[in-house]
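In the two complexes below, chain A is the common chain; its partner is chain B in one and chain C in the other.
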Partner chain A sequence: MENIQIPAAQRTPSLNLDVVNRLFVLEGESYPEDTRKFYEEPISQVVAFISQKHQDQVTCKFKLKYFNSSSAKVIMDLCTAIESSAKGGNRIKVEWHYIADDDNMKELGEEFSEELSSAEFELIEY
Partner chain B sequence: MTDLQFPNEESVLNYFQELVTSDQQVIQKVELEALLAQYSKLAKNLSRMIRISDKNENRLQNISSELNAEKKKMEAVADQLSRYLPSQVYKSIFAGDHAVEIKTKRKLLTVFFSDIKGFTEISSNLQPEVLTYYINKYFSALSDVAIRHGATIDKFIGDAMMIFFGDPESKGDKEDALACVRMAVEMQAQLSKLNAEWAEEGLQYPLLTRIGINTGWCNVGNFGSADRMAYTIIGGEVNLAARLESQCQPTGVLISGETFGLVQDFVDVEEKESVTLKGINRPVRTYSVRRLLDGSEKENLPINLDIPGHKQVHVNTPELSLPDRLAFIANLRRALLILEGPQSD
Partner chain C sequence: MNTPLRLSGQSYLAFRKELEVRGIVFSYSGFLNEDILSGIGNALRSKMTIDRTDEKISRAVFSAFVEQVQNVIRYSAETESHATADPQERDAQVVLPYGLVAVGEYPDGRHFVTCCNMIDRGDTKKLIEQLESIRGLDRKELGALMRQQLREGPPEGSKGAGVGFITIAREANGDWEYDIVENAKDGFDFFSFEAHF
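Then we have the complex of A and B:
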């Protein structure tokens, strides 16, 4: 599997998958004009990667300033895949980064954490 | 389906669609449990999506409210700052037409100066608070008239006021000059009323104003430094307007020959002494404005001919019939030919 490096644009976040270091990072703002077009290909690769057997921990970092409802659905499905992989025996950690006074983003992280019981979840203020 | 991704939901739907359309007559409990589990998950996800959507909506509303509040604050600040600039300059900066940089251009402008006769003595005889009260009333009254006539109010210097027409907006050289003269006449009329009111209030010293107007080529724009600049005008023609003002009789309006040339069809004037100014190589003819006319009145002004060594000839032109008017014009032309003598080519 190859790395993924999609830089941020005006309406889309940066999306990076480092297969060697087992690190997935989604960072920036997400309100694409066509959510399926932006996310379908890379997220399917990320899900495929997460679903493989891993000896060491896989880390998924979310560092978003804003995302719309359709992006929320993508994140929700990704969390479902993460939880499924963790239930299958992989060690997976989800880091939810939020800006210090952004209570809204913190609460959104808490929403997604309800999906995760087998995967580890951490809220990180920056 | 929308552009959203529902692969899990679609696969569940497909599974149960196949089940319904299959030949299988009995639904197994395990299949119902699977359906229940999937439906529960779907309901939970839907609920979560709605909460996330509502949170985002609230956040956007809050940001929108903050931006509106910030915008109102900026508008209030801009409104206060606008009092320190000529309104046309302020508007043209906001419209993007006026660059805030050190830059000037040469333009034909009509320049106005006014001041109060004997102001030094008046200000030494009045309490500062009283002086401030009346000078502010004075400037407010003049500024209102100026703004109504489309003037650019340059500055207040003590009791003096400097105004010009022709930049940043111009209606043409003639219209600008005429607007300036009309403004000046209205100012004097307004001040006449106000001085009467102020005398009733107890003001012992009427604020009698002298006004000078000149039209000429000036440099107009932003002068000063990049950190601190002023939008104003400079040039010999500006100095001439100031000089005319100092020559003017109190309650009068003294205009230069250049200005008169542009407004002559609309003013009744009395020619005054020419003035000379350092840097201007010709004596400047000056005219005291008696009253404004509409265009047709000029045709019916009486004619007073001053002939050196002879009595003044007075012709009451409104009384002339058309044939008499034409005969008079022909006689004047013959007289002109005799006076000018033969012209060499």
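Then we have the complex of A and C:
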């Protein structure tokens, strides 16, 4: 499995997978022109990585300032993969970062956390 | 002597005043694509920064703007298309949908995002059902519904995640409305949707 390093662009977030440190980070804004075109390949790799057997904790960090509803679908698919992997015995932590006054982003994090019971979830204000 | 074809500054000034009276700050009517979305979206954010619009409202307005314009791009039934020169291209067919976008502020301080487009008359009933099913739901209920739809996947015929209207309704705390003008054009109904912030 290889690392993924996609830099942020105007309408797409930075997407990084650090295989050695077992860290996935999605950061920035997400309202791609073509959601599938942007996410399909990297997310399938990330899901494959998350689903592997891991000795140590895997961390998935979401630090999004804005995402549209098509991107929300991608986040949901990731949550499903994360929960399924955690149920299978992996230790996975989801960090949901939000700007201090952004109640909406905090609430969205709380919504997605409802999908996670075996995986650990933490809301982090910044 | 004015002929009907001669430029009339007066008529454009009247047009501009009509927009101002309605509180419209940004408006676009014509063929739309994702570049228009990016461009107006950026200008809209700049304007709200200059106006020192409350951050929470700015974010909600921007979000509704993106969802609504993407709805028009995906679902406007009134389109023009042509094949690109290179048939090897993934999107060999360029489709330009026609729609109307307006963003502004009412005298009472409420912000609004409005989008209008033609829809096929055959799709009207389904759209009304979809919208009526979320009428009256509060923010929390809409959040739960959004999650359920995301989990279950898009409904048949959807070109996105199928949660665009739910997302807008949630961010507008249920303060949205729609209107349909039947038979606005041959075979088409005219659909308008507005969210308030």
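In the analysis below, the second predicted complex is superposed on the first by the 126 of 126 C-alpha atoms of A that agree within 3 Å, B and C clash if a C-alpha of one lies under 4 Å from a C-alpha of the other, contacts with A are read in each partner's own complex, and residues count from 1 in each chain.
Rule of thumb we're sticking to: a contact is a pair of C-beta atoms (placed from the backbone, for glycine too) under 8 Å apart; a residue touches a chain by one contact, two chains touch by 3 or more.
In this text the structure is predicted, and so the values were computed from the model without any measurement.
With chain A as the common reference for superposition, the partners chain B and chain C occupy clashing space. After overlaying the two complexes on the shared chain, residue contacts for A:Asp56 are found with neither chain B nor chain C. In the superposition on chain A, A:Glu2 contacts neither chain B nor chain C. Looking at the shared chain after the overlay, A:Ser70 reaches both chain B and chain C. Judged by the touch definition given at the top, the superposed model places A:Thr80 against both chain B and chain C. Contact with chain C, but none with chain B, is seen for A:Gln10 once the two complexes are overlaid on the shared chain. Of the two partner chains, both chain B and chain C are touched by A:Glu107.
Superposed model on chain A: among 25-33, 61-69, 223-231 or 295-303, the stretch of chain B in collision with chain C is 61-69, the rest showing no clash. Comparing the two complexes, residues 35, 66, 68-70, 72-73, 76, 80, 104, 107-108, 111, 114 of chain A contact chain B in one case and chain C in the other. Of all the residues in chain A, the ones that touch chain C in their complex are 10-11, 31, 33, 35, 66, 68-70, 72-73, 76, 80, 101-104, 107-108, 111-112, 114-115. Residue ranges of chain A in contact with chain B, taken from their complex: 34-37, 39-40, 43, 66-70, 72-74, 76-77, 80, 104, 107-108, 111, 114. The part of chain B that touches chain A in the complex is made up of residues 3-8, 45, 48-49, 51-53, 55-56, 58-59.
Of all residues in chain C, those touching chain A in their complex are 34, 38, 55-56, 59-60, 62-63, 66-67, 70, 139, 143-144, 146-147, 150-151, 154, 160-161, 163-164, 166-167, 171.
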